[in-house]
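Down below are the structures I want you to see.
Consider the two complexes below, in which chain A is the common component and chain B and chain C are the respective partners.
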Partner chain A sequence: MSRLEARHWVFLGLFLVVLVSMVLQVDLGVTVSDDSRRMHDYLESLPPGSTLLMSFDLEASSLPEMRPLALAIIRHAVSRGHRIVGVALLAEGTGIGYRLLEQVGREYGKVYGEDYVFLGFKPQYIAAMLSMGESIKQTFPEDYLGRPYDSLPVLRRITNYAQIDGVISLADGSLTTHWIEYAGNQYGVRVSAAVAAAMVTTYDPYLASGQLHAMIGGLRGAAEYEQLIHRGGSGLRGMLAQTTSHVYVIVMILIGNVAFFLGMRKRRAG
Partner chain B sequence: MDIGTIVAGLLTLAILTFLYRDNPIYKMAESLLIGIAIGYILVITWTNSLMSLLFRPLLNEGAVWLLIPLALGLMMFGRLHRRTALLSRIPIGVLIGSGAGVAIPAMLDARTLRQLSATVGPVITTGGVPDVSMLVVLIGVISTLIYFYFSREHVGWWGRTARLGTWFLMVFFGTTFGYTVMSRMSTFIGRMEFVLSDFLRVIN
Partner chain C sequence: MGDSGSGVNVVAVLMRRRIPQIVCGLFGLVTFLCYFSDHPVARDIYLTVTLDYWQIIFAFSLIVGAISYVRVNLRGVERGVDRPYRIVSLAGVFLMPVLAAVWGIKGGSPFMWVFENVQVPMQATVFSLLAFFVASASYRGFRARSLQAAILLGAALLMLVSRSAIGDLLWSQIPEAAEWVRNTPAMSARRAILIGIGLGSLTTSVRVLVGIERTWLGGDK
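Moving on to the complex of A and B:
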């Protein structure tokens, strides 16, 4: 223990704060933001049977944050009777996308191939986005499980973006920007996003300019969405820990600054 | 409890040991993560890229035109030897040329023209009341642009406006940093939830 440095105490404190908050499981209640409500209203406004293209543009490292967001969106879409066509434009998103769609499909008794489908991964995301604008079948001749495109009832009416009611990019990086630029601006498809909190400021200008239709971000966005669809999940469960850990970080910043300035004064005096 | 949850739980704890200091347990978990990720990406890329887009259509469907991208791809390996390095410039040229051709019009439209159009809005609403948010945007954009204009010395009113621009930049950096901290906390909370619920079963 003699080797513990100041940073270790800070980490240990954060660990304890999160641990206690998680164990307490107090429901803080979440104020729903306009952005989350907009995304919710958008999915509500689509008639049942609408087709949404969900792109799993994420990596395993961001899964703890992105999973609650993705689950909340997929659950809402599926519960509203929308059909989902899943794709992955990052290789790591392939297994993630398929498993999440399968999980929600099982929860709601939906049938793979009829209510939802996962087309898998395609490299060179810009080429894939442009290619889907011409023909989704040519881009993905078969689905993730190797079934031919034409054998899947959910894809029967779908040729390209013209038959897609909206694209939702589930992204932890910059892929949403490309969806806006290539699918949104060039093919006129409505692009929305569920993104990691770190990317919110990147996409805010696109939301303000109307290029991005709706956006929810981070664990907070997931919690708000879970509240809107009346179905608790990791987002709402993590809100107390999120709040207390942020307060802890702010207190640490204040203590660090006070210690720094006191130290500086001492050094000047001595 | 299934074996996957046990392995994931133990590996999560192994990664967390780094908080104390770098150690062999952390290194093992990190190497395993990187190895599995690369292996997974290789398999997915081989199946979805080389097999489905190149070898299968070329060999099964006789799509001979695919020999052109195959040849260009092989030329890339020219970089591995000094005498053949020049060959790699051809596919790099094709990549950059086609990439720029596709990207420039799209980016110019989405990132410049539409953003510019969204920035320039009326500062007075139809009711004759000033639109505060548009005023903030106007002042923020102008002062920040002045900060990045280095052909004139930042003194006098020009310098004061440039300094105002730095305040806008600081607010942006602060917000971005705050969101990034939020993101990292969310990841940590997500892993803690997994450890406490699925692995240790302390919480429901």
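Moving on to the complex of A and C:
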């Protein structure tokens, strides 16, 4: 069997594993981690009517992982009666953020402009973060739909971060770091994050130092959060696919190692 | 002749090296000092630099990037290298600004329709392919060739198990063991790297500000 063929078999195996897992749609329960509980408790501790700034710092490529995370957080915040001001500091987060807020807004019968708003995209994220610290209205004179800032009731008493109860960065990359450094450190706003699994270790030091208030990560984080808010979603549904594909990768690693050691023994004997 | 030649050289050095160095040093110093001051004038300067000038420079860098992208792809089309892909790519580059200019970029516009129905699925597809390469690479490359490699492999397996639902089923302590790996050895290494990056960035910034570091001007050519 040539190397190319072996690789194709590995690909085909993973495809079948994920396909079967997605078709089966079994909800696997997961143990809730301290990180997820901390984020949950944080949103619970805010009085109803608090205003959260949610920044959709993500790209379309990470949507399968980030969408369940974002939906879980938004659903929890909206169900608690918090108001949401959405922004996007990566261009691709613009359409995604608006869609997600609209979806949850419809689910809970919330009114755009009164309970939540999406301000759209601003290039140069560091400049945008600093600018919002001075004046959100100056940074976003109108919302994503082109309505003037002052015409939106949810924004009426919001000038800058001083009237925002917390920032939640929904990020698949390093933008949360800038939220911590510029909005958090310079303007004193409380920064939390929902991040892709690959980025979790990047933010661990910030979480440990308290610069990042709370963080949930990856599809598992979404599944844990869905359990906490008692509302199933694609996080819990996707856990079977994630579990089986992880097991598949582990089996591949073990097979690769067995083949490696057998080959080494053969070479030594020969 | 010699005089006019040396005059041109002086102007060239001034324009290519000294003036950019002075501008860079001045703006760097002013921004640095203003960051630590709460004085209204300092804040105004700081915000003007970060908000206005930054956006203007960003806009110009985008123009440079777009022109370069179009030139490279047009050359590729002429030479027949990956012609169909380059044509599609160029069509996208020209189509999106037209859609944005005519109908805007707000929700529900044709621009956003193309973004949501072409770019989003394409990017998600490309990123999803990564899972297949990870599976293949883990089979071929993740081997316990040495003690260090074995430790790395053990940590990777622990993380893989803990991030799936079987970790809880196999042994209740697995998620806690993974947490320990994250919070102790991994975080120590991460902090060391972050401190190193911070010190490196600081050193490079100071070198740029005082004009020792000149690679951003094309080196010492």
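We adopt the following convention: the second predicted complex is superposed on the first by the 265 of 270 C-alpha atoms of A that agree within 3 Å, B and C clash if a C-alpha of one lies under 4 Å from a C-alpha of the other, contacts with A are read in each partner's own complex, and residues count from 1 in each chain.
Everything that follows uses one rule, which is that a residue touches a chain if its C-beta (ideal position, glycine included) is under 8 Å from a C-beta of that chain, and two chains touch if they have at least 3 such contacts.
Everything quoted here is computed from the prediction, not taken from an experiment.
> Is A:Ser151 contacted by the first partner chain B, the second partner chain C, both or neither?
After superposition on chain A, A:Ser151 lies in contact with neither partner.
> Which partner does A:Thr243 reach: the first (chain B), the second (chain C), both, or neither?
A:Thr243: touches chain C, not chain B.
> For A:Ser174, is the partner it touches chain B (first), chain C (second), both, or none of the two (neither)?
Touch status of A:Ser174: no partner.
> Figure out whether A:Leu63 sits in contact with chain B (first) or chain C (second), or with both, or with neither.
A:Leu63 sits against chain B and chain C alike.
> Looking at A:Leu19, would you say it contacts chain B, chain C, both, or neither? Reply first, second, both or neither.
It touches chain B, and chain C stays clear.
> A:Pro205 in the overlay: touching chain B, chain C, both, or neither? Say first, second, both or neither.
both
> First (chain B), second (chain C), both or neither: which does A:Gln163 touch?
neither
> Given the touch rule stated above, what does A:Ser234 touch, chain B (first), chain C (second), both, or neither?
first
> Looking at A:Phe260 after the superposition, I want to know if it touches chain B, chain C, both of them or none. Which is it: first, second, both, neither?
second
> For chain A, which residues belong to both interfaces, chain B and chain C?
11, 14-15, 18, 60-64, 92, 94-95, 120, 123, 126, 130, 197, 200-201, 205, 208, 218, 220, 242, 245-246, 249
> Enumerate the contact residues on chain C facing chain A in the complex.
Touch list, chain C to chain A: 47, 50-51, 54-55, 58, 104-107, 112, 115-116, 119-121, 123-124, 126-128, 131-132, 134-136, 138-145, 153, 156-157, 160-161, 163-166, 168, 172, 175, 179, 182-183, 186-187, 190-191, 194.
> Going by the contact rule at the top, pick out the chain A residues touching chain B in the complex.
It is residues 3-4, 8, 11, 14-15, 18-19, 22-23, 25, 60-65, 67-68, 91-92, 94-95, 120-123, 126, 130, 141, 177, 180-182, 184-186, 196-201, 205, 208-211, 217-220, 234, 237-238, 241-242, 245-246, 249 of chain A that touch chain B.
> Help me check something: in the complex, which residues belonging to chain A touch chain C?
6-7, 10-11, 13-15, 18, 28-31, 33-34, 59-64, 92, 94-96, 98-99, 118, 120, 123-124, 126-127, 130-131, 134, 144-146, 197, 200-202, 204-205, 208, 218, 220, 239-240, 242-243, 245-250, 252-253, 255-257, 260
> Touching chain A in the complex: which residues of chain B?
Touching chain A: residues 19-21, 37, 40-41, 44-45, 48-49, 52-53, 99, 102-103, 106-107, 109-111, 114-115, 117-118, 172, 175-176, 179-194, 196, 202-204 of chain B.
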